[in-house]
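In what comes next, subunit A is part of two complexes: it sits with subunit B in the first one and with subunit C in the second one.
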Partner chain A sequence: MIRRTGYHVAMGLISFLWVAPILWVIVISFRSFDDVAANGLGSLPHSFTFSTYKSAWEDADEFRALINSLLVTIPAVLLSLGLASVAAYGLARYSIPLRRTILLLMLMGNLLPPQILLIPISRFVELIGYYDTLIALIAVHVGFGLGFYTFVLHGFMRDLPREIQEAATIDGAGPGKIYSAVILPLTRPALAALGALSFTWIFNDLLWSITVIRSGEKMPVTPALLGLQGLFVSSWNVIAAGTVIAAVPTVAVFLRFQKHFVGGLAIGAVK
Partner chain B sequence: MFWPALQGFWLALTSWDGLSAPRFVGFGNFSDMVSDPIFRTALKNTAIWLVLFGGLSVIGGFGMALLLQRERRGVGIYRAALFTPVVFSLVVTALIWRVFYQPDGLVDTVFRTVGLGNFIRPWLADPDTALYAVIVPALWRQIGYVMVLYLAGLKAVDPALYEAAKVDGASAWQRTRYVTIPQLKGVNSVVLSVIVIDSLRSFDIVWSMTKGGPYHSSELLSTYMYSTAFQSTQLGYASALAVVIFVLALAVILGYLIRAFREES
Partner chain C sequence: MTGLAVPRSDRRTFLKGLGLLGAATLVPGCATSSKSPGSGSAPSGQLALQSNLSSEQAKAAMEKLVAAYNKTGGSQVKLNTVASEIFRTQLPTYLTSANPPDVYTWYAGSVADSYAKKDLLLDVSSVWDSMGNYSKAMQTLSTSSAGQKIFVPTSYYWWGMFYRKSNFAKWGVTPPKTWAEFVAVCKTIQSKGIPPIGIGLGDTPWVASAWFDYLNIRINGAPFHRQLLAGQGNFTDPKVKAVFTKWREVLPYFDPKGKSFPFQEATSALLAGKTGMFLIGTFFADSAPKDALDDIDFFQFPIIDPAVPVAEEAPTDGYFASKKVQDVDGVKKFLTWLATAEAQEIYVQNSSGTVIPANPDGKSADTPLVQKGKAMIEGAAEITQFFNRDSSDALQPTADAALTKFLDKPDQIDKILKDWQAAAEKVFKA
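Here is the complex of A and B:
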């Protein structure tokens, strides 16, 4: 009994320490500028205001940054998962020559440190005239994610029983029909997991955004948040509000797809 | 994917400012590195990063997974609490902690309360502490991630093994040491690869907190590569730095791939 209480006290304390930074920033985001100036960032709040959120949302234009983020993230997730599922279907269900080599190359491409690609890709994007466009950013994310998603989906589809496909073939279904009517519905859990994961990955990206995009009004919210620091020098309450706004979408996706999300992270571990 | 990578390797052998044509210099960039003090700092910091960030997140993540592996009341909440930072972007993480490190912020207040007021310094602006001040938030985020990987691994361990060990009179520590850890071999190698690759890639958090400063004291290879490429536009030299990162990562990647495909067959 005492041991169990001790366990819960200790774990409760650790958990509290873990979320305390988040809570603290939320508290700061509601404090007025005068309060922070008078009492310091380390003190308990003496005020409550929404004006910080208004500043971050309107003056710093986080609204537009969020729209940009969604304009990049949603197409990139759909496109890369769509392409990856077709590729994985082909590789898993049909005997394509060299398919192991293809998979290996795809996975390797994903594990490459992005630094090696940074300069060539930024130059290439400039050359074809897509520098500083959201399309370029989408293309980069699709290209980067494809290998890993294909690898995971391939592993998943390979484990589906062969008989299903044979039965569908006997019923007269072609490869396209089998893919859309049989395989895809069965792959839904894996797709959901990868979807939730890739959403946060792409949404949270900084490196590629600041490499491919230059102008402020096209920046997604993650890099735009860094700009906020320059805009509101030492107005930490506004910066805190901006941070909270930028964190909301990924937290929402996480809460909605919690089970898939954690499962997705674990895919790699047990496979 | 691979064509640009090849281009990257080619550029590493050139001197290029991005405007005129690249000039071939052979291995000149690499011999420049040897005498470049910033490169040496960045390499040293990357090693420190690997050991501290990697080591502590494995220890922390594994420890938390052990504590939270049994399904009982409250465990779900604890897991969620530890996992929450993982969904934040590294920029969000960086800003949360920057707020803390501000003069008179929470960190200073805590230090003062426990009587360590003399130690207070501008954490991120002091070359002695900047790197470590960045590692702490990185750990805060990574431990929950590693924990999830280990939790998945622990779930896959056959409970009968524990029962057998228990019957044989093994203590809790012995069960962990001789049953759990050997059973987790597969997960360990995944975690190891993830950590090494993440460490070499680490860019966002350092960039958002210090940009590698002050005086390059928190510079990692990845941040140095970025600023060399896009701020001082020495594209050839930056590509050579990228090749160094690549070679370091390659060893790990190969190990990972060999494992992945041994299981495939």
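Here is the complex of A and C:
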């Protein structure tokens, strides 16, 4: 009993430690600029205002930035998962020559630090005429995600029983039909987990958006938040409000797919 | 049972919704992007202005400025504001891209010249034909090492020792003029239990460079300072050591907390009366609550050697253009307009108002503070800008490292200066 209480107290404290910075941001987001400027960021709030949310939403154009983010994130997630599932299906269910090598080759791209590819990608995107477009950003995200998603889905599909596929083949289903009617529905838990994870990754990306996008009005929400910082002086309260707004979509996706997040972590753990 | 079934169908509709949204967004995404692949410089009659003035007020002022120009006819200017941090890191990419934006906000002096050396900037000498009234210092700052005018200055600001008038009155001190008076003021403020000199170096270590700049131009003069920063001097020079010896005299008066927070927090500390004074540029006023602004005043960095001609730091901002612009006449016309007193007044009136128009005929904000700052700069025999602007963004980190170390371990000056020289040599050779 004592051990149990001790455990709960300790865990409670640790979770508070984790949540504290978030709470702090939320508190700052409701303080007025003059309050922050006069009392400092660390002090207890002396004011309460919603105007920070208004200025983040209107003056900083966060609405448009969020739309841009969704315009990039949703197609990128769908495309990369779609392509990755087809690739994984082929590699996992058919004896394609060199399939191990292909898979490792795809995964190898993920081992490279993305920073060394910044300049080549920015130059290449410019060369093909898609610099400063959301299409370029989607393509980059799909390209970078593909290797890892294929690897995870491959592991999952490989473990599906052979008999199901054989039964489908006997019933006259071709590879396409087996993929869409048998394998894909069975892979749904893995797809949901990966979808939730990749949504967060792509939505929270900053590096690629500032590499391939130049116009302020095409920037997704992460660089838009950076834009709230001035050259010298930043309105931290507005930035905090903007951050809270920007977190809403990812939190919504997380809450909706919570159990798949946990499921996703365990994919391939038990054979 | 239903408890299980409902969320399932819920998730399906959610997924379907996402799918539909995704499919729908893909289509307009294609349509808008195919219209303008790389909207840098649209061909006919449109100029792209890439701006790093992303803070709320400055951005609004830029929008008004561009709107005013677009009413004058001629090429239409499209303002594109990106976060200053993104702008700083991406500027080389912008300038070297195949289809770069036309005009950029940037800083005068060697930081502009470094791009001119790579032959990326448009020669705007003809724009300067209409700028005969600009000061000699502005002309020098806008000229590349190859002798071409590559920059159009539009505003500058100043650095000073800022303090709250009410606090100085409370502590019974008056603004000092000489070093001895300054040290006396520090002593008095410290005797009241307040750290006399505020500073904010966490995240913003470059703020310390203001102290180095000012001590150097007060002790050794502006020409020596410029040569040193251009790589023609040596940081192990005894004259440089003299700067640090002087600095050590006031080191005990620095706010010990200043190393941990950025300058914006240091501003709060100054305004709250937790520090006495703060050597900072006028931009800090943007982070002050409105009701405190009237109580803020500044004094000139104290004179150390009366024989040295007085120099002041006045960082100059303005515009340059890419060498690859398509509509050269349109760009030059826009730059010529930006150089007019009228255009600069539009910006000053709509921004925070602590910058001064570069055009001598332009009216600055009519506050006593700005008038005093303007008079100080106009009375200076020499003008420097700031450490990085007089050297390069690559040299700044070497200064940050050396100065931060000095503040921690002032007794190791010799070793610190030797390390600084070694680091600087690497930068100059690169």
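FYI, the second predicted complex is superposed on the first by the 258 of 271 C-alpha atoms of A that agree within 3 Å, B and C clash if a C-alpha of one lies under 4 Å from a C-alpha of the other, contacts with A are read in each partner's own complex, and residues count from 1 in each chain.
Please note the rule applied: a residue touches a chain if its C-beta (ideal position, glycine included) is under 8 Å from a C-beta of that chain, and two chains touch if they have at least 3 such contacts.
Remember, predicted model here, so these are calculated numbers, not experimental data.
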Clash-or-fit label for the pair subunit B, subunit C on subunit A: clash
Which superposed partner A:Met11 touches (first subunit B, second subunit C, both, neither): first
Subunit B versus subunit C as contact partner of A:Pro223, first or second or both or neither: both
Contacts of A:Val233 with subunit B and subunit C, given as first, second, both or neither: second
Which superposed partner A:Leu134 touches (first subunit B, second subunit C, both, neither): second
Subunit B versus subunit C as contact partner of A:Leu41, first or second or both or neither: both
Partner contacting more residues of subunit A (subunit B vs subunit C): B
Which superposed partner A:Val152 touches (first subunit B, second subunit C, both, neither): neither
Partner chain(s) touched by A:Leu91 [first = subunit B, second = subunit C, both, neither]: neither
First, second, both or neither for A:Ala56, with subunit B first and subunit C second: neither
Location of subunit B clashes with subunit C - one stretch out of 116-124, 134-142, 152-160 or 188-196: 116-124
Subunit B and subunit C contact sites that coincide on subunit A, given as residue numbers: 40-41, 119, 122, 223, 226, 229, 234
Interface residues, subunit A side, partner subunit C - complex: 33-41, 55, 59-60, 70-71, 74-75, 77-78, 119, 122, 126-127, 129-135, 138, 210, 214-217, 219, 223, 226-235, 238, 256
Residue numbers on subunit B that touch subunit A, as the complex places them: 1-5, 7-9, 11, 18, 64, 67-68, 74, 77-78, 81-85, 87-92, 95-100, 102, 104-110, 140, 144-145, 148-153, 156, 186-187, 190-191, 194, 197, 200-201, 203-204, 207-208, 221-222, 225-226, 229-230, 235, 238-239, 241-243, 245-246, 249, 253, 256-257, 260-261, 263-264
Interfacial residue positions of subunit A with respect to subunit B in the complex: 7-8, 11-12, 14-16, 18-19, 21-22, 24-25, 28, 40-43, 100, 104-105, 107-109, 111-124, 143, 147, 200, 203-207, 211, 222-223, 225-226, 229, 234, 236, 239-240, 242-243, 246-247, 250-251, 253-254, 261-262, 265-266, 268-271
Residue ranges of subunit C touching subunit A (in the complex, touch as defined): 11, 14, 18-19, 21-23, 25-26, 29-30, 33, 37-40, 50, 52-56, 58, 60, 80-86, 89-90, 93-94, 97-99, 101, 263-265, 267-269, 271-272, 281, 283-284, 286-292
